[in-house]
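The two complexes that follow have chain A in common; it is paired with chain B in the first and with chain C in the second.
Moving on to the complex of A and B:
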């Protein structure tokens, strides 16, 4: 054998051996890391399965940031007392990129490898990927979007945000406080979040005697140029411009367009995430009186007696300190408030096991919602009483700052106008028994 | 162009062992693929399932690019297969394996229909036309809640039926089982795609890509061959869609948006499209980096940034894709060996 061929043989062997060893080591490291990463016996892990990147990240990432503050505070006080034993809380995040397949992967990782006891989700398009796992594993999940609820999924709850039903409170407040506003135009992204919200606003406008100038304008989620959308909306010079539940990436350019096209009327929207940035792009005068549904938690109104969220003003201050006040968004407090409810239920149950916590959470048919005691409700709209519904704040921007105008009762509106809600939800195919 | 066979090891005793090993490559590959899920964690097995499906998606896309046309509608075509298969199983009660096959046929049929307007265009016009055609299909899914489920899409799609016999029980909810199912389907599909590329038809696709006027001058009906490539690629994309739909159990229009198509383009560009294995390399490497390595390093929120950086770097330093890395390393290695051999042979 020549030296040349021997060299080649050894080199190839070496190469193959090194490559195989590296590959195996990498695979083993990947699987090993996740398998050994269980928490110690005095720590309970909670899964956070939401979009942390991409266009919907504004409804995931700030929530995880808020949860980290919640965990630091609770752990600093000795943890959550469950069955006479104190447990620290640790959050395990997984970025599902608002994709059902990635949500499925994330759910299996959180449940089977990280050993979490509870999983918080944004829901929406991602829930169908997780639904079967929730049913098989009996894991307790929460969603911010109750339109995910159905009688098939008994371990899914909506204990904080009853989107989009609370949007009725903003319209109702407008009708009472600005009765001169008589016409509205509305747009929404054409997706699972936009449509039920449109049905809700339609019901609320009809209940308030506000006339829609035209059919709601649905735009594609891939839209980047909002000038023609706004031009069409403003064609009839509506008294109210309704931005439905548009993502932050849409609300900002829509407001910019309304400003640039000279709109001077009332704007109402479900959210106004990072509204300081909208003010920077438009003006404080333009945004004055903008109505939405998510307060800053430094609002003194949150210190009133009925509010159950613990230390809201301090929470906001800590959030602003860690991440910046302009990063505060609709969900910054929501997942943390769900954790308040979970910790309370786990304490009552004396166990962190999902079935026991769920039972304790729903015991008596009422629960301590962030904005006051609320009822477990939803059979007529979702087919199951797994949504916690009570009061919700109406927020207006005044002097460049979000200010709570009033807390209004969602059940009170529902009792008076539920037929309208069911009518519009049915027309848009959004009732639980109409979903594909 | 078809892959050169010149990469096979050369002469000598070592060379003959090398040749045997070279010819046994498929056996080694299948052994590695069979062992893979047992080296992975449960969630990584989930990723492996989706990766295998994406391998078929990007490989079928390459067949279309052989004729020189790059489409922005391939993911939507995958969606056509997914929707068709889901609806056939859910509403018509068609057995899932058959519905997957019919889903592929539906995707091929839609492609055949679209080819009439689309292949009147070439280059950028085809690219834009395919995007528009895809958007029309997506808008139809959104507009018609019955039967497509509107923006929310379809949920609770029938899963692939479990196999239950006296001694054998296979639950396809388990990712490891679905991985093997997908592996079998995708391997068979890749074999067919490979044979097509190596056939006279495949060579004609290449001829149309590089010299379409010349091909026409010798009697090749370029419209018909472009349509054929589009239909075949769409059939396999539809099969990939069926595999996806019956695994995840849900489809919606957003899942098949142009954002997802960008990923397919990135896989193809980073991997390279000159060889059959180029796009496969692209999807495997980028998925492992994005879904396993970066997540394991706790860089969840930085992934889009790193992904973008990898794309830029690969375009700058590997303009012919990852597939060109092997030959470049081999050439570098041979140059160095040549240099050291020359130095060793110099007189003392």
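Moving on to the complex of A and C:
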């Protein structure tokens, strides 16, 4: 294009007009940008510090997936109202690979760089890496494993899952409904998740009058071939095969081995994540009656009065739509449920600051647990009342589908048998004052 | 169920896949002098070949296993050409490069298949029972395949020209070169066979384990214990050590527990090192 033609097309007036319009547009854009920046300052960041990779990822990644649904739903409704102001929620994930050192790095990053107001963790072996930071920073942390609790860590709460204490409900239900089962054999990985769960099952079996055939069999978490483990467990042909709190990577091959080695008795386990895949590897008949503790959230029993989780069936449907129903696992709803508690507490406190939220969360000594109103509890077992304990469901696989059989009270069991629990926890060095 | 027989069956299966992995590792070390830390990840890639071809794309199981062998063998050739050949005079460099490569393989599998375990349904639910013990066809495949592949490897090394070239390079690289044996070609063949054996072990066992991108970690530790016990560089030693380790580990797991079994396995390695530092067959015979 020649200069002459340019001159012809762009007159001075046109140039000024165009410039003015551009300036106005830029100003509008600028104000738009400032609005975005303003809105961004009304976003609260929540840390998600859990294993997203590795063998324990099944208890981290599905939880983050569930939280993303929770955030989308809450943000779509205008966010969380805190002190008369609406705040959007943004999750910042950090993969600690279930490693204490990486958890420490992640906690530092989340608090110092990302400015989170609350950090959710799986806990277990990773908590010791974070404990000092939590104490120093006064940051509010949550764990799914209340065995992490101690009086030294006042800002750590277990507001959803009271692992492994709820496992007593499954054994208690079995003893009441299948009294013919008299003997049990148990295995667990040798780590911070396996041991307290073993102590819990031992207490529950003893309370139910079920005899252990042998000492619990601990295996190395690096185990890939579970045939020898299962051979030993089945040697005495137990009525009940207890898989403790084995990770999904272990539950699947253990069940497959039990099936292949001809076991026909009752199986009980803390979890049965992705149980449809276990059925594929074994059979629906073999898995029929399998008892565990984590329902699918499309279960109609979750719509009953007293259940506090918001829209459980819709949540499950959305999860299945986004990630696939077979990806639903034990923790898919748990971290989201903790966020319900956090949002409620932050709203009551009128602040997202950790100390204020914690105080509001524990006010009155009770809280709205996902499965009903529950008590802040734990001094006798953890040295501090920072675990929210109430009812927990007992779930059985029936016709290839997880089905809630009953909600049972953990405190009711505790009132009757707490001495047994303390005895077995102490024997395995799992009381709060025994852990290093 | 007869506990003793069942434990022996379990140990035989474990010995089979461990022997495949360890012999592959020994092949690579014997010919090239490289400690391949990515060997466990080659096993993992073999398992994921079955996850993809058999579990996801519904190809026949045995075809997926064969593809696993060939594909991982080719990955081995790529490793030889891109890492181990340029670093041939630098064994430490080869080791470090293999550590980097294992991270690359892990990451690629995470990108392709996700971080969670892969699900591989069994190709058959069939099983045989004898003396009160149960042996599933899936495990029988592993045992039979290991015996056939190791026998074929033995025949290849003893009877074929390439096999003799491999053994010559393993014994004395310079002398072999002076006889006109191509080091590049020999290393390529060794890497294909070594990696392929790890790959086929992963492929065969994929329905029996929970494959994850990180499964190679536990495999490589066991493989190193076996080749140290057997004598680094000895194929026969690797096979016998795999059998020995598998039986000791399996019996101790069954009659005591898995944690004690690991301690006993390491104690076995230390005992062999103290009594015979070259391993059971290290001094007498090399590949």
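Rule of thumb we're sticking to: the second predicted complex is superposed on the first by the 397 of 436 C-alpha atoms of A that agree within 3 Å, B and C clash if a C-alpha of one lies under 4 Å from a C-alpha of the other, contacts with A are read in each partner's own complex, and residues count from 1 in each chain.
Rule of thumb we're sticking to: a contact is a pair of C-beta atoms (placed from the backbone, for glycine too) under 8 Å apart; a residue touches a chain by one contact, two chains touch by 3 or more.
Everything numeric in this text was worked out from a predicted model, so none of it was measured.
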Which of chain B and chain C A:132 touches, first, second, both or neither: first
Which superposed partner A:222 touches (first chain B, second chain C, both, neither): both
A:190 touches, of chain B and chain C: first, second, both or neither? both
First, second, both or neither for A:355, with chain B first and chain C second: neither
Which superposed partner A:234 touches (first chain B, second chain C, both, neither): second
Touched partner set for A:53, first chain B, second chain C, both or neither: both
Chain A residues touched by each partner, larger count belonging to chain B or chain C: B
Chain B versus chain C as contact partner of A:429, first or second or both or neither: first
Partner chain in contact with A:61 - chain B first, chain C second, else both or neither: both
Set intersection of chain A contacts, chain C complex versus chain B complex: 52-54, 57, 61, 190, 220, 222
Sites on chain C touched by chain A in the complex: 1, 3, 6-7, 10-11, 13-14, 110, 115-117, 119, 121-122, 127, 134, 136, 139, 208-210, 212-215, 217-219, 221, 249-250, 253-255, 257-259, 261-262
In the complex with chain B, residue positions of chain A that touch it: 1-2, 4-9, 12, 24, 27-31, 33-35, 52-54, 57, 61, 93-95, 98-101, 104-106, 108-109, 112-113, 125, 128-129, 131-132, 136, 152, 190-192, 194-195, 220-222, 429, 434-436
Chain A contact footprint on chain B (complex, rising order): 11-15, 17-18, 36, 39-44, 46-47, 50, 135, 139, 142, 145-146, 148-156, 173, 175, 244, 248-250, 252, 254-255, 257-259, 291-293, 295-296, 300-301, 303-304, 337, 341
Complex contacts: residues of chain A adjacent to chain C: 52-55, 57-58, 61, 190, 217-220, 222-225, 227-229, 231-232, 234-235, 237, 248-250, 252-253, 256, 260-262, 274, 277, 280-281
